[in-house]
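Structure in structure tokens, see below.
Each chain carries a letter (A, B, C and D) given by its place in the written order, and its residues are counted from 1.
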């Protein structure tokens, strides 16, 4: 076993759950920034899998720069139309030649991006509503083998850091679940709800305001009355949902920018604002844990699309979150744990320069009581660092 | 009846059929230039039809500038792959707003282009092998109504001309039919034959050389022997076909650039050379009659994609050919007729500045004997000029 | 005077300066992300100024989505060359027609972007090294007049927030000044130093590590020895510079990824890694205060390129920083102030939902002692909110 | 000396000069199609020269596919502005790596294209009016050395043909010189005349109509009166010019589509219609001899941008014209000579399959009298075929 540089310390301030004001945001999978994140990460997985299938190892690539240029649309009651297609430029680097064999990196990326859109966006017509373009530069060489018998732990090639925390506060849980359930099960049985759902939670003391913006799909909205009732259905659903996560007082606001008198409402043809005026790009929205949490330390790293074998920023952000979750789950008496991993250029990534846990314990528990358990948990997770890579490639870890 | 300026005159030289050397070429529908022609014309038809459906009339547009940037491919026995997708940029102008209503010109173009590729190119995988991009500027205003009760004949808005001839020489018939049957019925039952078929016919006296370049589809070519037999099958098919059109001596050459020893053969993954290295654009290949005929007068006009209501160059090229065919069919004793129509800016297009028929008659027939019949035929066709527009929109007239 | 909702409260934890570990980063103006930020903001200013010049008011636009696709280069001792140009796509929305007059938004953007590159990047040859493309959708309508006699304070059109802090810690000051002076005065007299300078500061207790990556310009590097001495010159310069800001122990590392034996060094032809393999986009790098500070609350907002009249996220991030600075400067006894502004949809932007100052005071000073002064300072700054807009348009406030 | 297959035969019809109707057209250097031709050929020359400078030989490339997408402009008396830049996509293939050295083909193309626009279009502002984009695929390998001591004649790699004729008819001379002098010396002293000048000559018997469309430059047109006088100045200049080339009756028409009452005139900001609505691409305009001549055999070959070392279509079109000119100049008694060269795959290009001269002699001269002289002239020119390549690379032969 390595001697890892693991620090555990008490937080100097209050747990976020106990602070006066808390703000949490999540951009849904249909938000233009998230569309880019989703494509970037899907393309990344498709490339990684292709390299593994063909060469038994992941080669150099990086696809974290998708840009979306909004289209133009004319939504209308009963069904409008997209006037000018959304343009999506998938940018990246990939190894196109290895061991004398050529790899169709761009064709793979094109297919992966189109398939992703096809699966995730039932109201988007791939034949007419979106142009997917690809520009890949040349990457080169192989990465270390992180799977199988010859597996080794890669070296950090950059000074970078990752942050993560656990458990989620009530507001965080409400915000995340609101988006995931609305665009998931709810949209499935209520196709009027599009994929572009933006949720902002704001807690002041014991009152939580949940503000939801939902792109309604015009095909399922014959008139204003139907729209209004779709809005109030969402309102009711989110209100119920919020109560599962908190006993605090919750107010839910849906599509607050609507003006019914002017019939200015949030109607779309495709279920995303990318159809009209809202551009997007990778890494501008949710952090690796799926949330934007200004009360917490955050990393600027655009995680989606990065190579999960050697991109230390991606790995450490995902790993910090995973570690924090393990600590919160496995160690008793933890009210909040905030992890930070700092890389050391040239050292194996399972030996970070610093692994730093800042802990708020429950009443009656001293940090000293749980320090050893926390250290052990962190140590285990670090030892298993390449599991993060595996999970990313298999699509089990979301990056946005 | 108008008094049209119609001239009929004897040709000063020999009919092409009687000249010593004749060269004829046809680029098949899968040639990169023809792909662009086909997309441009399909997009044109889709726009025209949309305008008619929505407004009862065709609005201003022009879509005659598609550019294809070749991809990269790695064909291989039994099936290779496209490495970098073909990029197709559909360029044009269209009316995007009329009578307070917005028209999804770009979305229509995108769908039309993709549908065309999907139907015509069975070996092209639209999800991974091709990127279709669209850039449309704004056109404006309406055109004259050429259909229905209020129909009028448009005015010529440019000084332009069209040329056409009939009947086709034996060599011309062989060249045209070779391509059409190879990429049509033959390819259907022999999927090894791709859509990129280029035919050159060269007649010296009574010997005709037919040189055919056929993009073979690698999925159906497990090895060199299969390739060789596919080549000799095509050779036999074209030899038989040629004999239907001529009693002259015919030699058929297929894929002459192949080098079997070096295993350098014409193998493709998608059935078109656009997959690797051959770019294309509209108007660089076949003329409006489907052929390139250096022994004949030709127009430089890029017919495909032009607006068939008011683009005088497009209309006159198609009409000249239609007139020549009528004359050849309906008037006895015609060995060759060469039509030329010259527009007069500001005059109705059924009243060309000059309509000029140059005729070679059969032995024993004087031009004077048939002049009146020819003039009457030309006059009838000119009177029915808007029928060309209708046929183009309905897809009954090929433009390349 | 309005009754603004201003809160002042003691911080629950330590000032960052007093925490054990502090990490600070700054991407220099030549980093691909910063190039995008710089172009986006320059284009924004040019549009705003054009609208003011032509219509006396700023119209709707948003240009916060520039994407950079890296080129390919072959740097070499004494001067290499760019093989494939950098591609920059400037994306946005702008009002192109107002009051019957058309506005050349795309031409203005193109010129602004090219001029910016020309001025900031002396080693970039605009004629051959970079392609600047522009794709602007249509924005529409006018914004409220925020200047002149009819000026009013705009309404918040979104729920958003901004954060800022003051004063900078020693490490923050060192990081920011290192980049600014290296790419500024130092590069002017030492053209070997390119514009792509990335600085990471890491403080553990009383030791500060400053890691600097400097893109050296090959034209000024005839051989490895020259390179080495350029590196050590930078090392000396930064070491001296750091001592101006701290009495702590400082270690400066320059281009640590170099491998002299393999002659693998950080050499560029243009002074930026955008020439080879490093893509970039807006909003992924420095926050509005020019730094990335994981120890502090941060906003994900991409500030650069946003409309400074009505984009509440941009305004509140810049304003939070300005307020924090005023408080730190004008109120005695402040060790650290952290500002947060939260908008209220539909309310004037000078009346935020919450204006929240979290304060660490100096020893012997109670927050209660300075609360009134702090509130008054905040109130003054909020009342003058449109001054932020003005300063942004005049180019006096940096956004990255 | 080789035994070349050279045929000389009498034409079966009249010389074009003696036919009843003749139509001739030339698109000026500022026509969107010609802009593309010019860029394609300039880029070709720059690449050829680079390869020669670096490797002593020309490598594989082909740059014959530039596409221009028109901009949007608002011309106005005294000076208008470009609203949306012209977009030019330079497409091609080039050898990017040879002998272990990388060649900056795309950067060279970008610079060449921009420099060409800068030199040829004084009213085009390169910083704001035009976007030049480049997409080059990979070519490979070297071509045969056609210069220097080891020079050999390349083999034809395709079945292709070229056509040329001499001397020019009066109408042809008038059309060509009208454009060249208007955009040359005349525009220099009359900057009101833009580079987009289109000339159509139509001769019926002994009357020649010259129709000229001149893009006037708005900066030099303060009002309608100035415009009118600019038009009549051009009219007078062309009338004088025409008289140098013919004794026939000439009528000159300038900007006939103008409607002064509606103030609908041909005004531009940049001197080319590419600024508004007119797209362009390579090979759609003038043939290799600078003219479009429907009375003559023509080749569809897009000559501009093709590799002058081995592209047989380019070489044979230029060579046919050169041969025809030599025959017309050096052999007495020639009224018209029409050349055709047909390649033979696998044979040296100085040994065409057929070299075919169709001749109209002057009264009193039999073809038999001059046949030997003509054959000798053709033979000499063929022997010197690589001189065409040299002249193209040095920029002494125009291709459009």
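Observations on the structure shown:
Operating definition for what follows: a contact is a pair of C-beta atoms (placed from the backbone, for glycine too) under 8 Å apart; a residue touches a chain by one contact, two chains touch by 3 or more.
All values derive from a computational prediction rather than experimental measurement.
Chain centres here are C-alpha means, and the one lying farthest from chain B is C.
Two chain pairs, A-C and C-D, are weighed by contacting C-beta pairs, with A-C ahead. Chain B and chain C, compared by their mean Cα positions, are separated by 56 Å. Mean C-alpha positions place chain A and chain C at a centre distance of 25 Å.
Distance from the chain C centre to the chain D centre is 51 Å, each centre being the mean of its Cα atoms. Residues of chain D found to touch two or more other chains are 87. Taken together, the touching pairs link the chains into one ring where each has two partners. Chain pairs that touch, as defined above: A-B, A-C, B-D, C-D. Remark: chain B residues 9, 11-14, 19-21, 23, 64-65, 67, 69-70, 72, 87, 89, 91-93, 135, 137-139, 157, 159, 161, 163, 200, 202, 204, 211, 256-257, 277, 279-285, 287, 292, 294-300, 302, 340, 342, 345, 354, 356 touch chain D in the complex.
Taken in their complex, chain D has these residues touching chain C: 74, 81-85, 87, 96, 102-108, 110-111, 114-115, 125, 127-129, 131-134.
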